[in-house]
């Protein structure tokens, strides 16, 4: 096993309404930890890879518990830095049927937003195999945006490969009037892998990309991306058809400069927890890359991993490599004894 | 905003088996408040309308908590009268798959059943915009039946328009050998809006109504109803196709003396809580009427509101106008961030 | 009502992850009792039949609670014998969507495994109408295997008819290197009813049985079984098509020496609890046999009973005869009031 | 073991606020079964005695579940008769610290209140060793009062000894303006054992009894009782000093025509569940009587049993004879391994 | 009933560890609403007084739910203003035994902190009987501090009497380097009632006050306060002796310019929820003042109310006037039936 | 920080009755991980020391979750070895008031019991600062006993100091007829620290030790121990006075060859969770030794740490060094804000 995949982003506390309730309908909340890059770090660790979280979080009981939870799942937490301030939160009302899930972010003024710029990237990336960052991280605020750019540039300089997940969050960017296209462009210039689709490319390049069906749109986006970003070697994404809040179909797509791959649509029903599905896909693809599985096998693995995530409560994809391979093996979905 | 919609009916405590259990399988019950007209009152308040509950309930911790819960959701509770006696209850075993939901009423001898006749309707309806009552209320017992007739007659006299929801409950009528057709006929004579279908009209007029498919049956019922009840101007109802206890299709129908409207079937799956779906539909239609949306828009709103209710635990449709409009807007059912 | 159906097998404590979690994701477990023959005993009692559990279990708080739970549901527990040792457990991670359920047995060294041989079968079967045993029981260990053979032979000698449910559990047999085919063959020689299919017959006779679709395979197995086991008069089984962990179709098949019957597929969705579905089917067929309903009615009842089981948490099918008949009556799946 | 102790009274569903909340503060209720005589029946069964419940209860899911729960704990339920009507309920707000527990009865119009008179006492008491009834039963209503008198008279006639627990509930008597003293007098005339104190005797004889400290008052009451009721041979009661809702001291007293016994005060702290403490005491004394332990040993056992009840949630004293003896043995209250 | 008592402060969401756990030990949190002045508003409403909350809170699902909860308990919410921003939170780890409770505030940057200055006090106080504010409100930040001063000055000008609760929170003041003594001094100049003791007076006047035992210290503080603040007519406070996190003694003290009163210590054990105890005391005193009960009766009521609060989970004292009077009446702490 | 404290013992899953229930009263169990040495490992990590768990556990979902939980709390899990077999369990019925806690072990045939002998101690102890083992470990069975002796001898040989906690469990020794005195004697010969008292010394030396009060008994035991075991330098223990299951007093005692120390009794009330109290004491003493605090400060720290453990659910003492020091600092037990 090489060096760890370093994941850079904010640790979040997630507070969600239990048992299909609307938020605060009753006097209970389920609580877990999450965040896009956090999820990737945990998922990679569960799949047997070395992963390391680099972040700044609140030096209080919440931040310490978040660190502990990452450690529980095998993530290297030596890059978790504690600082005064509050911890980023989000409130989730999980959807059901015709009622969509709702995320209410409460991340303003967090220790991460205020202090992400203090990270020493040469130290944080020492020995790393890859760096993973998503578009949520720069959206958190100017400090975080600067840090994300600095991190990816440092990685490039140090020969650490970079993957970026688009994860466009207009609501977060709007809070500080951040220039998303410029910043994401800068980050993507350093990346060899993009988890994103035509919407991400359209946003970053400030022009609509492609037309046609789901596959055509994504293929056009890949073509455009490979032209615009010389270092990019792989773009992977999904198409999600949403029949109801609990019933989606997920199809995976992957593109290199030389080829295109896709999976059959996989029906996700009932969806137990929609959050973290994209991060599970990204971690699944990274697993394939790290293991050298080839594009089709990586994509199949990634979609299967994402499918399992939808069947597990919380942000994290608490499955092993064997669980994903079991789903792919065709051994069926009846009880395993 | 005009005067409130006055809702007249019994406040009920609902005690339901948790987590898909059968009743009393474990030693926990979920508890909430409900009742057909209560639900309409709460739903209207959540949609931004003035609504007022007129009822008699037990002068004890249960009755007080019921009043508080209505107040929580913005219902005017100045017409909630406390009296000695017990509170009406119902035990619910929510269904799942091939197991239908079961309601066990425990309403005999309640403060409402014993004292509903003591309400002064001139006072209760003063300033009201509309009165809403359902067929459950007179089914509770002779006192309640008299009160329901008196309420609707007073409303007519005072120029307060009346809506009635059929809600036929043979089990309740049977307990006191009540003459449902005669009493419901008398109430319906005062109404301008009926939430009901061919089964209600057939019961009230003591003869089968129409033949053919779901739409034909309802159209025939509307025709018959408009003939029999001169004050009636609108009849609205749904057709529910029950694939399983958790998977239904709901289609809305509306009829005036001049036209007929319907919606596409909306699939409700998974159904989180089936109870209160009809009341959500009625409140949605009343919303359309109060806002002057026109029949098609009202019906679309009503079915969308009912669809959301099926995705929320408890009797109440804890959604805002924006939630319903969001569903109608086609913005999709994936996570809202 | 004749004598009881004696069910012989191990009482198990089931510890399952709550609320769609993976095992030990949170610090709560749901706990109930189960075991293949236990389930049949409880199900028969709930359907109004005399049933009696014969077993050996731990003489501690767990064993006593298990006995009490059987008594709660009306099973005759006079044949439950307490002995030193541990109680058999199993940990269940209920599946969801693309994530299959997982059973983790923890039955090694149980009081049953160590002491099942001490039962006096003449006494245990005195007055019994039938004996029911499944293939799990001999799989528990050599003592249990000997006891299962002894029980069925004693039954045959005493004129007590025997039903056997295949329930092949390779994992359990492997733990003690048990010779499943030989032992199950010996048991099946005593039986007049087999709940099993081509896989069971193929295992027991050590050769593949039949080819073709689900029905052809089962018909071929029945033909082979009736040839190999002269005392056998009825073979019944299901075909389960697994769309997802929560969405299966279940079809019932029954065969005698003279005829074949089947049901329409019944869709089970959402499945609340998959465990015990086969035992509910077996109990439903035994109900038909005890009541003399005839093959088709028995099979319809058994599949309907199994369908209801899938909608109830826990191993037991907590439904009455009226519940099953209600499902068969076509009265629909909407709320019963 | 002789014939069973027959307990006659109403089965109740208890609905209690969880986790120290006030009633309906949250949307959860804990539910269990109870009732004074029910508790005695269960407690005796747990102590290893034959006990039989004679009652009328609702022929619905609640009544059936209540019957099952008694059966779970080993009570003979062949005397539980199902009838149309509702089941008696009570809502409990458990107290804490300076906040006393509150019981809200909802028993009016129950199947028991309406039909208790239909019991055939010759049949119900056939083979019985003793009959136990409390002052709550006649308080439920005129039918129940008549039945209680009839039961005790039949017992006397059949040679079945009778114990009565005072359990004066003025609120219940007031609902139907029942003449408590006369009716309780009539019942007590048939009894050989009274669980009661100076308040009961004062009520029944319509005059204050005794003066002085707790012991003097009870001794005076015993003297008066033995004079007034020739068949009485034993009077036992407790003195409860209430420091807070969770911290009481309990002292036991017993009197025969020849002697007096008492225990040291036993501190009960923290009290987990106060309800059923008196019934546990009564069952403990009956245990002593049935076992012929002698007055002091019986009283010690009864107070120890009552102490354990206060440490167990629910109405029932879910302890074995060994548990009570363990407490009496002086083996201490540290962890038992 | 005169005009309402206007309470001005921040609505808080409280997130607390359940079941004696440390924060985030498990994946559940209990959630309720609170805040010092919010608590007083709710408590007064529960005691039957008109109370009105004036605040600014987040215009999102949390803020709306907070408003609804106040409305549930009968508080006038017409002065609750919604604004963009986040809602103030606090995380609570309830203590037990030797482990003290811990409060972790997360209030920085809240809608209240940012916008409290926008309230129009002439409008907010129109028709009010009294204004209540605590020392937490100005501690939230400079905007809130200005608003608190403005509110009390406007009240003085409008003839609305002012009560202030010291509630010194050094941690909050330190976050923005606020000059607590100066600001609290300015507020207290407008007040006729101070809920505070020698520590508050010492802080505000920047010098230690008094010496001796609990009573002497408070008497000295009262003397000093009456000298320094001419408008002050009443100072009330408690002395809390902390035996353990769950076992305190509470004694009440009241001082006017003419006299001094005190209560006996009241033992609070077990303490179910310590938070809001001081607010319950303040609301109890205000009840006495509004009802004209006189100092001793008011103080007795206030300490009894505070005692009951310690026995109820959540910030709010969910008791009625009758509950407090029941505790004072000496009717005892055993079960009320 | 030097090398880690290696803790050798069995990882246990603890399954406990929730909410003061008796075992399996309801259908829920709380689950956590524990075991005497596990607890010490976690507690030391929480106090900031390097600790490493050396054990063999089941290679299944339970074992993996146990490993993860240790990792969560910062324990080095590189010495956790997975093997086929079952995991040791224990069922706990927490006591309350007059009802003592009950532990039901279910550890027979565990992976640890079968495979503890396979550990390579030179490797396991490489770089270690100390080894900690308790008397439970050899009690598990002959393999475990041999391993415990081997471990301590290897430690002695490698210059790794050894602490032993007596933890005598007669029930476990009895299951395999183990010769406790001989084996514990052999282990204690290698130790420099004994956590134990006169009962441990009496058992190991097969003769009663000392007489008199708690302190005299322990002093006599220390004297005897120092004579019998030349390598021993420190003996520490507690005296627990058990007023009720929830109310104990704990006093600490420490002895060296040169001196004796004791603490004041510390009242533990209410006890939230009694289990792990002794392990918290041991970890607290080891903290003192590792930090060189001196005997009195170490003992004070240990008793305070143990006190905090009694206020936290689960086996682990989830407190930081600052929490313990806070308790010792006299800052009081009221809310910390």
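Odds and ends about this structure:
Residue numbering begins at 1 within each chain, and the chains themselves are lettered A, B, C, D, E and F in the order written.
Here is the rule we go by: a contact is a pair of C-beta atoms (placed from the backbone, for glycine too) under 8 Å apart; a residue touches a chain by one contact, two chains touch by 3 or more.
What you see is a predicted model; the values in this text were computed from it and never measured.
Just one of A-D, C-D or B-C has an interface built like that of E-F, with over half of its contact pairs in common by residue number: B-C. Looking at A-D and D-F side by side, the one with more C-beta contacts is D-F.
The geometric centre of subunit A is 44 Å away from that of subunit E, both derived from CA atoms. Subunit A and subunit F have Cα centroids lying 42 Å from one another.
With centres taken as mean Cα positions, subunit E sits 62 Å from subunit C. In subunit A, 19, 22, 25, 27-28, 102, 270, 314 are the positions where the chain touches two or more neighbouring chains simultaneously. Those residues of subunit B whose C-beta lies close enough to touch subunit A in the complex are 19, 266-272, 304, 307-308, 310-314, 318-319, 323, 326-327, 332-337. Residues 68-69, 71-74 of subunit E are the ones that touch subunit B when the two sit in their complex. Those residues of subunit D that touch subunit E in the complex are listed here as 19-22, 25, 95-103, 105, 169, 171, 240, 242-248, 270, 274-275. Partner subunit B is touched in their complex by these residues of subunit F: 25-28. By the touch criterion given at the top, residues 15, 22-24, 27-32, 60-62, 65, 85-87, 89, 91, 93, 102, 104, 106, 108-109, 314 of subunit E touch subunit A in their complex.
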